[in-house]
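All chains are identified by letter, namely A, B, C and D, in their written order; residue positions are counted from 1 within each chain.
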Amino acid sequence: MIRIQNEDFSLADEYQALREDAPQIGAIVTFVGLVRDLHNDESVNGMFLEHYPGMTEKVLAQLIEDARQRWPITNARIIHRIGALHASDQIVFVGVNSAHREAAFAACEYLMDFLKTKAPFWKKEQRSTGDVWVDAKASDTERESRWQN
Amino acid sequence: MIRIQNEDFSLADEYQALREDAPQIGAIVTFVGLVRDLHNDESVNGMFLEHYPGMTEKVLAQLIEDARQRWPITNARIIHRIGALHASDQIVFVGVNSAHREAAFAACEYLMDFLKTKAPFWKKEQRSTGDVWVDAKASDTERESRWQN
Amino acid sequence: MVKVLYFARLRDQLDCAEEQVMLRDSRNSVAELRQQLAARGEPWLSAMQDENLLVAVNQVIATPDVVVNAGDEVGFFPPVTGG
Amino acid sequence: MVKVLYFARLRDQLDCAEEQVMLRDSRNSVAELRQQLAARGEPWLSAMQDENLLVAVNQVIATPDVVVNAGDEVGFFPPVTGG
């Protein structure tokens, strides 16, 4: 399940869906990313998220497929918001269910790491000094490369 | 926050508490363990969980303190249920918030791995062939040892 | 003709979100398309020479040798920053 | 006297959840307390000789050399299976 949307989402609803998937589910791991109100020392008043419609969905579907190949997960759900967001808003949800916790943890973190480096989203921050497109972080590329082992 | 209780818990409530902790939170990772309805080929009708009151809370508090020393997390919450549980019931919740996702993922998985091997809980399964105390799994000890590197 | 899309900082730099581009040959590589666009001069020259620029052909990340055919959709964008 | 607690499968095997035990000396190691209990014969002998048995003194996991003093709480239990 992949959704790209302006609207907020409910962790409780997503969790419920993951819980009801199958009787053999023993582990559910969820990740939510929030807008932090600090960017180094500058105040971030809000941000705007854009994406590449069509490609985003393809990339995320492929990531879920890759995760399924690597770990015995039952299902994965990804929601990413676009448009205007403010401090403490929810940005992204990734949830994975599985019979076993190691698969659920690994797949959830894998999906977030690759979403960060492969899914075509871009953030523009509204800072007190003006609007600034956010630079990609080397640390995200490093985290992705961990999964090549 | 550590709670050992007979009652069920609400992921939504726990998530809300983790979200409201501090404005610099950028990542929330939650884990929920559920009663699976299969134990190998035997049907598990339900289980009973007991613990060592007093020691359990001490062990979990120490694990949270250890996680805080290792990663820059803001907070961690653990709930473990005791008493009679049935298929698909929630057993355990671990939630961690942090400015950064790598810390939240690592600390949440660390807490679950050590809870599995260090916290004095014991499961008795009601199987179709009779009640059976569950044996500890070597795989859990192996997962714990990963964190020694 | 190929449909070319520009995203985020790149769209702002070029002041262009989408255009139709006539390919020089019936079959061009991604690298050749970049050269063709760079030949327009600034701001295209700098944008197309940026080694961090990413290219997707028909919504799949493409290396410089991937062939672009008439009717394809080509997206140019900076490194992604979602999540 | 020390308060001794038994949990889970071990409690069922010994049919005992809690007892007060008089230490043989004023200071005993965990290993010595295990020997003292094993000397009762079965089912204590097998239970106390089980190499997987875990011991906590005052609710902290204890190695065989840890000293048990009068008034302490000693818990015996099998490997844990929560979560």
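Everything below uses one rule, namely that a residue touches a chain if its C-beta (ideal position, glycine included) is under 8 Å from a C-beta of that chain, and two chains touch if they have at least 3 such contacts.
What you see is a predicted model, and the numbers here were worked out from it, not measured in a lab.
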Please strip out chain A, keep the others put, and tell me the connected groups that result. B, D | C
Both chain A and chain C are touched by which chains? none
Among the chains, which has its CA centre at the largest distance from chain B's? C
CA centroid of chain A to CA centroid of chain D, Å: 49
Averaging C-alpha coordinates per chain, one finds the centres of chain A and chain B separated by a number of Å equal to 23
Taking each chain's centre as the mean position of its Cα atoms, how many Å separate chain B from chain D? 26
From the mean C-alpha coordinate of chain C to that of chain D, what's the distance rounded to whole Å? 72
Expected list for chain D, residues touching two or more other chains, is none
Multi-chain contacts in chain A, i.e. residues touching at least two other chains, fall at 33, 112
If we use the touch criterion from the header, which chain pairs count as touching? A-B, A-C, B-D
Note which residues of chain C are touching chain A in the complex, please. 5, 7-9, 12, 52, 56, 59-61, 75, 77-83
Mind pulling up the chain B residues that touch chain D in the complex? 33, 49-52, 54-55, 58, 80, 91-92, 112, 115-124, 133-137
How about chain A: which of its residues touch chain B in the complex? 10-12, 15, 19, 23-38, 87-88, 99, 101-102, 104-105, 108-109, 112, 143
